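Got a structure here, written out as structure tokens. Questions coming.
Going in written order, the chains are labelled A, B, C and D, and every chain counts its residues from 1.
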Amino acid sequence: MPRKKINLPYNVEYLSVLDEKGTLDEKLEPDIPEEILLNLHRAMLLGRRFDERLLSLQRQGRIGTFAPVTGQEAAQLGAAVVLRPTDWFVPSFRETAAELWRGRTMESVILAFGGFSEGARSEKKLNNLPVSIPVASQILHAVGIAWAIKYRQTDDLVMTFLGDGGTSEGDFHEGMNFAGVYQAPVIFVCQNNQWAISVPRSKQTHSKTLAQKSLAYDIPGIQVDGNDVLAVYVAAHEAAQRARTGNGPTLIECVTYRMMMHTTADDPKRYRTEKEVETWRKRDPLSRFQKYLMDKGLLSDDQIEALAEEIKTEIQAAVDHAEDQMKGGVDPLDMFEHTYAELSQNLIDQKEELKKEIVAMKEKNDG
Amino acid sequence: MVMGELTQESEVLVIGGGPGGYAAAFRAADLGLEVTLVDMQERPGGECLFRGCIPSKTLLYLAELIRDADRAQSMGITFGHPQIDLGTIRKWKQHVIDSLADGLVTLSKKRGVQLIQGRVAFEGSDRARLYDADISHIKFRHAILATGSHPSSLKGVVFNEEGRVMDSARALELADIPETLLIYGGGYIALEMGTVYAALGSHVTLAVRSDRLLRGADPDLAAPLIRRIEKTFDTIYYNTKIATLNETKTGVDVTFDGEVEKPFQTFDRMLIAIGRTPNSKNIGLETTRVKVNERGFVEVNEQQRTSDERIYAIGDVAGGPLLAHKAFREGKVAAEVIAGEPSAFDFRAIPSVVYTDPQVAWCGLTEEQAQKQNRSIQVERYPWKFSGRATTMDTLEGMTKMIIDPDTKRILGLGITGRNTEGMISEGVLAIEMGALAQDMALTIHPHPTLSETVGEVADIFLGGATHILPKQNKK
Amino acid sequence: MAKMTMVQALNLALRQEMENDDRVIVLGEDVGVDGGVFRVTDGLIEQFGDQRALDTPLAESGIVGMSIGMAVYGLLPVCEIQFSGFSYLNFHQLESHAARLRWRTQGQITVPMVLRTPYGGGVRALEHHSESREVFYAHIPGLKMVIPSGPRNARALLVSAIRDPDPVIFFEGKAIYRAFREEVPEEAETMPIGKAKIVREGKDLTMISYGAMMRPTLDAALELKEKDGVEAEVIDLLTISPLDDTVFVESVTKTGRAMVIHEAPRSFGPGAEIVSRLMEKAFYYLEAPIARVTGFDVTIPLFSRENAYLPGVHRITAAARKTLST
Amino acid sequence: MARAFKLPDLGEGIHEGEVLAVLVSVGHKVKEGDLILEVETDKAAVEIPSPYTGSVKEILVKPGDTVKVGDVLMTFSNGVEAEPVEAERRMEKPAEAPDEKRAVEKPPEKAKQPVSETRTPTAGGPVPASPSTRRLARELGVDLRLITASGPAGLVTAEDVRAFAEEGKQALALPVAPEVKPSEVKPISIPVPSLPDFTRWGPVERIPVRSIRKATAKQMALAWSQIPHVHNQNMVDMTKLEAFRQKHKPEIEGKGGKLSITVFALKAVATALKTYPRFNASLNTETGEIIIKHYFHIGVAVNTEDGLIVPVIRDVDRKSITELAVELNDLVQRTRMRKATVEEMQGGTFTITNVGPMGGGFFAPIINYPEVAILGMGSSSMQPVVLDKGEKRHEIVPRLMMPIVLCIDHRVLDGADAIRFMKVIIDALEDPDELLMTMI
């Protein structure tokens, strides 16, 4: 009756390519085409500036509550950048920067946060799912899509996102297990931003890392410096190779930080210290990456400035466009659309009822 | 909260927790109204408690102790040279502030006044948006605007945390005792802060645009104070403006434009005390019918009502003398009017007190104002050298002055300079409010020996019979 | 008596029950250090420690399942699901176990737990934060479904819920969390669960509602009085299940006219059950069809269209006038 | 006494400015706070409020003048003074003397202030009185300046205030008269006794008299108190007209009109007015003239949710039945929705009020001042009528009868005029052909 150590096929790695200052570890430097590097930088800068603009809009009451992404640009974009248009993107609700990269327009984001269902509409068909607010619920959908891809034998893959809090939900574990069982081509990107609203990572799970949760399902897991866009890229790139070559899922834990509030209605001062935030501010993913690009001679301060200007106008255009639509007002009757493929008689009646009410209201207000 | 926007309804929304604001809130609550008080600070108290009257008086009291210890020498008691421990002074000052602020919190709780920390901006005549608070909107039936004022600055000069150019609030933080301090301004804040820093050992230079100091007070009242600071301050430049101002790592470089022999000088720190600006910007007043005058003060009637009948304004933001005790009364008036009482801000005398050494206090009509209005008055002065009490305290520079209507013999104004005038002035305020005659004051028995006797005796002079002064000749 | 918002009143109820009985445990996401995202559990962790105000991992099913276990052991868990829109993740725990253990064990094992959760629209929130799905729970035998309408009854009902021997689902209307304040007595006050209340006497029409909809309903009743001279009798159900029909049945035998107001979708909503009860017990007294003013049978729209979805004073008075004119 | 107004110190070391505009003229009555001057300093254009209440005696500056602080700009006669204190100065020197601008005794807006010719406000500075006395004055709505003080050197005591308020009560008189310009009418002011406290006998509710109700109250009280009314009642046989009306109703409705009895009445009245112009007049008691109007604008009383409104149909004589039916219908609708314009309410020369639709019978309407007559109509009903068949033979037949009443201003018209006028209307209404014939 032996009693011996079982050697598990995987162990959990940690990867970081750029240190906090942005200095490079040459031997780990990934070979990324300049063009991609610059697009990536642009996407990060856009994500940051757009986030700031949304915040000011919210503070002026021009849009409603939303979840900021500042500080997590590298964690989400470093991963999303390896996706092909035909791949599937299954976000949680704090991936706005990655969503823009995946082709969602800024207008649609503003409209959605402005309380307009129009924000869900998209001109071109994208292989993206909409944000999924119930935590971790989207993970199983990703696995389902991945299974279908495998069934159709294409070399596409699915990338889904979750947060540290999400790893506590049953859906996450069910999703990991299914993915393992079916060896589905899916990448689980966990943005460990240290805080699930007020609950710190340390209270969320007893495990040392989130990456190690993969061990239970015999899935490769890796923890990377989530504010180091190169490290994230490397991990995602490997995971993509694995998925496309039929070698199943991967869990990537990006260690990053939620620099802002959980949502604009939240007040982090109640549960975390300014000091902690400050230490993370020093690890800002954007400036780190900019330093790297400058050292490489790919970017200069002037270029950054020019780029920032360009982005500013882009954002302004989006805001104007979205606000025009919002000021235009909405037809409340639209609320009945898209409940079913076609309106049931019951809904037709209720729509008529609301129509009458709106007319009556109008008369009341006018007279 | 993490999602959505909650609205609260409130009978009375008080914006600003300074003296005016909390006085209004408390009065309204006592009259049975449902009150919500919003302030950016966690506790009520406002500029006065946290950055104004209270901390400055705490420090001025210490300055007075130092001066007294020094004066005692000539009377036969010698104290050692004062050892000044800034850390302890700051702690003491903080203790004073805390005990008062906590008291206000308790009073609010007991009265059922709801305290909310946050920033407010109107979104209409019945709605305000709250920032950085759990509630995002308040629907109110009445609002009382008590946002106060902040120190004015010179063009292009911004006060910041570490800067060497300070406003009064920063100066009260007492970051250090600068070797040299330049104070720009001739009002009471400038003089009080100068007194503090001079007492703590700074070399104080005072620059003032006009040709005199303390312009609100009659020159003869201000004179003893000016004689004094001419000794305690290094220099006083009259008719002098600041032409350029440049802050460096080591100091503040200034070029003066005026009666200055050395127009370019450098100081360790500088205090700008040239007045205050009302806080009427960025609070959404444009979404209401509230009228703001060209200087940013909110226009109100004697019921403190603005041109928007749901909204009232009190204290500094409503203009008038920027004084806490005036805000107190205005706050009560607003609350009472809202509660349907026939209240109005109707007064005859607002006292002013300058807590320097010597103190200067006055109320009602001043001699200068009377001249401006070419109104005939009679002025009587009582020099304290005739006062027994003043002699015991060696405060002979003092003087008590009464302005009287020659026809009706009614007391129109009172001015006092010397020690403890802060307590004595109230007798004058009451007299004026009651429409008392000089004779009323003269016939009122004042305890002997006290400085307050001088108030009785100055009235006696008017009537021609002061005990300790020979009666004037040729006086009807 | 101090004036309190519903948030403060609920906090008072929890605080006092925790003081009186160490079996009372509060658990949920952000209920500890953060004091609950709506501040209902504010200060409890400071006063009672992290063993009685538990910040749980982010797992609704875990929270409810664990509460069941605690209750089985003899504690009185009061768990919070941050928004009712997320309570579907824990639905099976309620349906399969919380509601059935008493029956399954023939009374041997009971589940005296409370599930608190904010519900309803009107606060400009994102998706999943505005729905009103009380029927899901009201439809499950073995659960009690309570919805207060203001600070004072919220406090009293929460105390009763905590002391109740059966699992109670306790819905809190976000829209009225801080909207208005009421006098709430310091000393603990209870209110019977399963008992409706007449909050406005009248003879012409019976208006039946509950929760956050009580405000527009009462405003409508006032308008009907002022503009039409109609005396509407307004009934606050307070408990959805078990439904107390005695009060509204009696009222309708007096007024002969009735309407039901709720923000939940109309089909199979609480109104359906209320109307059936009236058919069974007051049919012969009715003088007009019973009106239902409710949300529509659609997912509550994002907030730009929200107000068109939620029953408002105008829609309520219009329906009332229609009822009165037949 | 005259008071000089000097340019106040504008602060910030400003010592002079240029006069941009003088906003008042000599003799102009100004209240303290009214803007009187615009002065441009190197800092800004400043509007300068009057420190006095009184009238402008002389103006010593004109636009373009450069004035220095202290210069006399204008003088005022019997000004009630207020200290001009000016915000910026207060900012410069927070310890500045009090702003007495608002300390000037003013009666609270709401409270009624007793008017009295015998006393004029004592000029110059606030009235001496203790704070509690001043508050009492506000409570009782008394203007301290009007009180003769009993205290030393003109000190007003609480007793003085109470006593004055007591007198004041009697002096208080607020009939409708004050609203009317004396040129129109000389009110005989009969003091209205103040009401008893009804709550002594039971609970009461207070409803403020507003807008239309108020207007109606004034208008009626005025008309009733000024015009000696004479009533002249009659029954009209509407049988034929009703038949005619029913017959043509549809086509008129087709044209968007409503063929009501009032439409015919309008036409009938127009005819009568043309025949007897004195009914289309107003009386000027000042000049002792009767003003005959050569236009025929007839008002129709409309009962709306907010009360009685009388829109006017212009040039009734020039419009066809159909036109009138359409216009009246539209006008009534808009009036009910409060959409009718003010112009449409003015210029009436005669008024018709038809209470028939509401089932009213005989009644005596009040003339719509300054018109001199009004026609009222009740609801028609089948009634037995005795027909004279000649040779002493009579027959009782059911006919549709309508009560009408004409009220006239006896100062302008006599009973006889009324009967003649009425005859024209009755004939027109009883016989549609007649109506169409006589219709001009």
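The criterion applied here is as follows: contacts are C-beta pairs under 8 Å (C-beta built on N, C-alpha and C of every residue); 3 or more make two chains touch, one makes a residue touch a chain.
Worth saying up front: this structure is predicted, and the values here are computed from it rather than measured.
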item: Pair with more cross-chain C-beta pairs in contact, given B-D and A-B; value: B-D
item: Label of the chain whose CA centroid is most distant from the centroid of subunit A; value: D
item: Distance between the centres, which are taken as Cα means, of subunit B and subunit A, whole angstrom; value: 55
item: Whole-Å gap between the CA centroids of subunit B and subunit D; value: 51
item: Geometric centre distance via CA averages, subunit D-subunit A, whole Å; value: 69
item: Junction residues of subunit B - those touching two or more other chains; value: 1-5, 134
item: Residues of subunit C whose C-beta touches two or more other chains; value: 30, 37, 124-126, 129
item: Parts of subunit C lying in touch with subunit B, wherever the complex brings them together; value: 2-3, 5, 30, 37-39, 82-83, 123-126, 129-130, 174-175, 177-181
item: Subunit D to subunit B touching residues, read off their complex; value: 4, 6, 13, 44, 46, 81, 83, 85, 87-88, 90-99, 102-103, 105-106, 108, 111, 125-126, 128-131, 134-135, 138-139, 151-155
item: In the complex with subunit C, residue positions of subunit A that touch it; value: 64-66, 112-117, 119, 133-135, 137, 165-166, 168-171, 196-199, 203-205, 266, 270-271, 326, 330, 332, 334-336, 339, 346-347, 350, 354, 357-358, 360-361, 364
item: In the complex, subunit C residues that touch subunit A; value: 29-30, 32-35, 37, 55-62, 85-86, 88-89, 124-129, 266-267, 296-299, 301-306, 308-309, 314-315, 318
item: Subunit B contact footprint on subunit A (complex, rising order); value: 59, 61, 64-65, 197, 262-263, 265-267
